Amino acid sequence: MAIKKQAVNPEDDLGFGTQAVRQRIINRDGSINVKRLGIPFFSTTNTYHRLITMRWPLFWLNVVVAYIIVNVFFATIYLSIGISNLHGTEDNNVTTPFLNAFFFSAQTLSTVGYGHISPAGAVTNWVAAFESMIGLLAFALATGLLYGRFSRPSAKFVFSDNILIAPYALTGGRGLMFRLANMRLNILLDVAIEVTFSFNEVVDGKNVRRFYTLPLERSKVSILTLSWTVVHPLDKDSPLYNITAEDLTSSNATFNVLVQAFDDTFSQTVHSRTSYQHNEVVFGAKFTPAFTHDRDGLVQLHLGKISDFEEVELPEIG
Amino acid sequence: MAIKKQAVNPEDDLGFGTQAVRQRIINRDGSINVKRLGIPFFSTTNTYHRLITMRWPLFWLNVVVAYIIVNVFFATIYLSIGISNLHGTEDNNVTTPFLNAFFFSAQTLSTVGYGHISPAGAVTNWVAAFESMIGLLAFALATGLLYGRFSRPSAKFVFSDNILIAPYALTGGRGLMFRLANMRLNILLDVAIEVTFSFNEVVDGKNVRRFYTLPLERSKVSILTLSWTVVHPLDKDSPLYNITAEDLTSSNATFNVLVQAFDDTFSQTVHSRTSYQHNEVVFGAKFTPAFTHDRDGLVQLHLGKISDFEEVELPEIG
Amino acid sequence: MAIKKQAVNPEDDLGFGTQAVRQRIINRDGSINVKRLGIPFFSTTNTYHRLITMRWPLFWLNVVVAYIIVNVFFATIYLSIGISNLHGTEDNNVTTPFLNAFFFSAQTLSTVGYGHISPAGAVTNWVAAFESMIGLLAFALATGLLYGRFSRPSAKFVFSDNILIAPYALTGGRGLMFRLANMRLNILLDVAIEVTFSFNEVVDGKNVRRFYTLPLERSKVSILTLSWTVVHPLDKDSPLYNITAEDLTSSNATFNVLVQAFDDTFSQTVHSRTSYQHNEVVFGAKFTPAFTHDRDGLVQLHLGKISDFEEVELPEIG
Amino acid sequence: MAIKKQAVNPEDDLGFGTQAVRQRIINRDGSINVKRLGIPFFSTTNTYHRLITMRWPLFWLNVVVAYIIVNVFFATIYLSIGISNLHGTEDNNVTTPFLNAFFFSAQTLSTVGYGHISPAGAVTNWVAAFESMIGLLAFALATGLLYGRFSRPSAKFVFSDNILIAPYALTGGRGLMFRLANMRLNILLDVAIEVTFSFNEVVDGKNVRRFYTLPLERSKVSILTLSWTVVHPLDKDSPLYNITAEDLTSSNATFNVLVQAFDDTFSQTVHSRTSYQHNEVVFGAKFTPAFTHDRDGLVQLHLGKISDFEEVELPEIG
């Protein structure tokens, strides 16, 4: 495969050097396929990061477990001071002293404070005063996290399953194409895209990895209303000009896609990523329309049809 | 209508291709006139998006209904455990067991916890402890949503009702003009504008849609203090050079307007959009001043006069 | 005064046209000196804007008054249902039924719910359940506003009181100079500045207003550690090349200053503005150093000395 | 040391002028080494800044102390009204009137309101109503601060301990190199770097400070997955072309590093800074790889190895 060299390649000095790698750096879902060792576990920011990005069931589990642990902790303190310092437990119909202390703790932590159980004596009162303060702050933090999870800016695109080598009407030649659309209700503005092509090459008997940023027919749109078919024209200047499926496989080719957009609803910049491996490239196909018109003539975009394509004859390479 | 072609048109590859459309893509109020099918209904982000963008009465209805549903849910649980485990209901002057359970639930969920009704027995205490936790988190979420709705960055411009073909003093020729002003109390900086002109054209017997970004006399201002009259000079390089009202109608012409600004009060970038259809273009008119001076000579801008214009003679097309 | 014309002037089409104005558009404190009529008073965003930007005493007054009004409202409802439906008021040592209802309302709204006064009967219980919900949401909103006020991104610069015509060492000629420094504890990065010079001029017997963006020796710094002396070199290309104090006064000259920076502590872009009138220009003066060295040789910047200058001989205009 | 002059130097007009300084302007940890006098202590923004940026133990100390002070304040008021207006203190098993008032205050401030102590009489009821309002607002503020501390956008990079003069393969000459990696779990996009070289020079018998922005092999990467070795090629255009360790020491050379990145998790721009002094420059060394491969061939980056280097022979200066 004869590919013109680029003076500076995009990821060369990111630590990979010119090592030949078999792994995807960017996964299909946009996560990064590199392990970092030595990240401090207990830093505030990393704890926050984990609590914000963990899945919902795990988050709820954390909240409930933390609530129980804190109550067990304070119940133990109330018990050690003496259950007789909690007035009203005799009417609570709960026979276990620990459970009485636990429920009093829960009523204090959540500041519900019915008062049918109440603290007596200076020590118990001090602990209760402190616990209600802790309770407010802890729920405050939970509030922040809950809202932070809800409001975290993010983009969710549906990308076509495949990247196609298709006829490209504008030049009469071929184009490398994939398609994307917005999966969210928000409106995306100033959507910009960057596609990097990487592959292994044998140089002086050594297997090295090369990276190219592919020129696109257009790399930015002002507003993304329907789907967007991203096109890299396979003209004579393209490193993929006369590439074959065998070339892609033998060189372990990968296409990395970075998308940036402005979320109009929340006024924040959002990013998304994906990648295509050589076995996800289809030669001689074109995308079929993903939209129809409803009765009123209004355009309807079907997100489920973004990946749909049909086989076509490719024009000869000029 | 003879219009020069543009190599790359702004929305050509956004899925519309070169199809002739009758519909506005951008509505006058800035919303997008395209339906997307297949957006997941229950995603966190979309739920958040709906709760943040829905109208106020609907939002309050959601809050109240959710409050009642959760209390009905917990009241049912307390009832099924046994109303006798809620002490104090006999003094509550409420004869329905369900209502007693409902009010106890409300006092727990909101953490008001008067205590004249109090839980008894381990099971009821567990449920109450859990409910008060849920209550705090639920109101936390409501807090976040309420504040999110209030503080959501947004721009609100008043645009003139019409787009005018007016005499343009600087060139002695004609100009396409519309006017806008800020409807909000905040100060807007770095206001940038982009106007796209689209129309249908018959090419090789086929009706296709064309898009042009119109060059503006100026497309950015550092600070928007009064109104801004946006001008596209109708010179020889303009695709609208010698256009007539009939041309606009027969080609189903539309002008899309995208505005971006920096909100100085909240330090966020905000966007706004609008569009003008061919029937909103007025030939031979110019805007009348929208501001007056008060007694102290201070300039006063009247937002209600932004659309006001008067008829004038147009200069001949050179 | 012979000043070269600029094809496009920055504020010409902002509604002022070429009218001669006597007023400052931007005040010294950065506020905008233009009244806008017709802004909707009750829009959510404008209400939020007012609550966030009003002074602290006024904000607290609003909070307290709102708290009292809501409690009076609910107290009236409880009274109209019947004070006998509030159990425990007989032990409250408060003889006025209204005050008893008011205090019960306050205990409900703030969810403190001591329970020595408790609701009885279905109607009172419904109102109390509803009030505690309202209470949580209202305080939620107050929370948001309080925090929004605290965390609102803003820059606060101290600008020198005067703008000086000083010797400019780099060219051997003169320079127009003013000085600024950061009044906040935060670190400012990528600080950019824009200076506009405006004045009245008689053209064809008509008094028109002109605007010029002044080229600066440097208009951006990567990090603002000490003070920054902004310099416009008075070379032959400057519209102020051979200007005199009389010219400035007779033409009602104004210098508008826009500053933009990135706040490193809160990762947000912030802006600031000020303006200088013709009577704030000092000819033949230079700023004296605003910093000293402490015992350890560390540089100390004195914010109070930013405006300090001394008179100097100006070089002849070449 | 012969170094070419730059017309405009980056920090020349930041107040230092051309004074020779011995101090670092930017410390290794990114803080700024300049004292500013005259910053108002009690401004809202500065108070917020301090509360957000202070260390955690100090923050918690502030919260607890404030909680105690407010309660002492209100306890004093309740006492001065008369402890007999607090019903239920006789059952509280606390003999000190002040402590009883203090615990009642704490139960009111935190809105836990057990009710075993309850206010009686109009005055005490008014104070309690007011205190519960203050309590909600105060905890609201604490909530905001707590969350603000957690969610504050920030970047944390690990920089290599030294800056190396190493062989630079691309040119066959030498390069000035240092290495950095992301210490956080978040993904960093659009990472940009700026390196400034400053030193003292004798000009006309006077010791002046010079500043140069060093051209980098690449100053921006789209995504930072592994480590990044930043390279300034020591070619003939470099001010450091044939520099020696003695030159660096005698001229008190410093390298300032500014990094900017986009945090993909929280969609915010973050910055970081560091600096290298002349004694942190190592001649004739190159970085050893900081990553290994795990069993599955996956790349693992070891953040602890970022500073590791080995001695090498430097190529002759051409």
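Labels for the chains are A, B, C and D, by order of writing; each one numbers its residues from 1.
Methods note: a residue touches a chain if its C-beta (ideal position, glycine included) is under 8 Å from a C-beta of that chain, and two chains touch if they have at least 3 such contacts.
This structure is a prediction, so every number in the text was calculated from the model and none was measured.
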Count the C-beta pairs in contact for A-D and for B-D, then report the pair with the higher count.
-> A-D
Mind checking chain B against chain C and telling me if their interface is mostly the same residue numbers on each side, over half, or mostly different?
-> different
Upon optimal superposition of chain A on chain B over Cα atoms, what rotation angle is obtained, reported to the nearest 5 degrees?
-> 90
Per the C-alpha means, the centres of chain A and chain D lie apart by a whole-Å value of 26
At what distance in angstrom does the C-alpha mean of chain D lie from that of chain B?
-> 37
Residue numbers of chain A (touch at least two other chains) = 107, 111-115, 143, 154
Over in the complex, which chain D residues touch chain C? Could you list them?
-> 8, 10-11, 13-16, 21-23, 25-26, 32-40, 43-46, 48-50, 52-53, 85, 87, 107-108, 111-115, 118-122, 125-126, 128-129, 132-133, 135-137, 140-141, 143-145, 148, 152-154, 194, 196, 258, 260, 268-271, 273
Hey, which residues of chain B end up touching chain D in the complex?
-> 111, 113-115
Once bound in the complex, which stretches of chain D touch chain A?
-> 56, 63-64, 67, 71, 91-94, 96, 99, 102-103, 106-107, 110-116, 139, 142-143, 146-147, 149-151, 154, 156, 181-187, 189, 217-218, 221-229, 231, 262, 264-267, 289-291, 294, 297-304
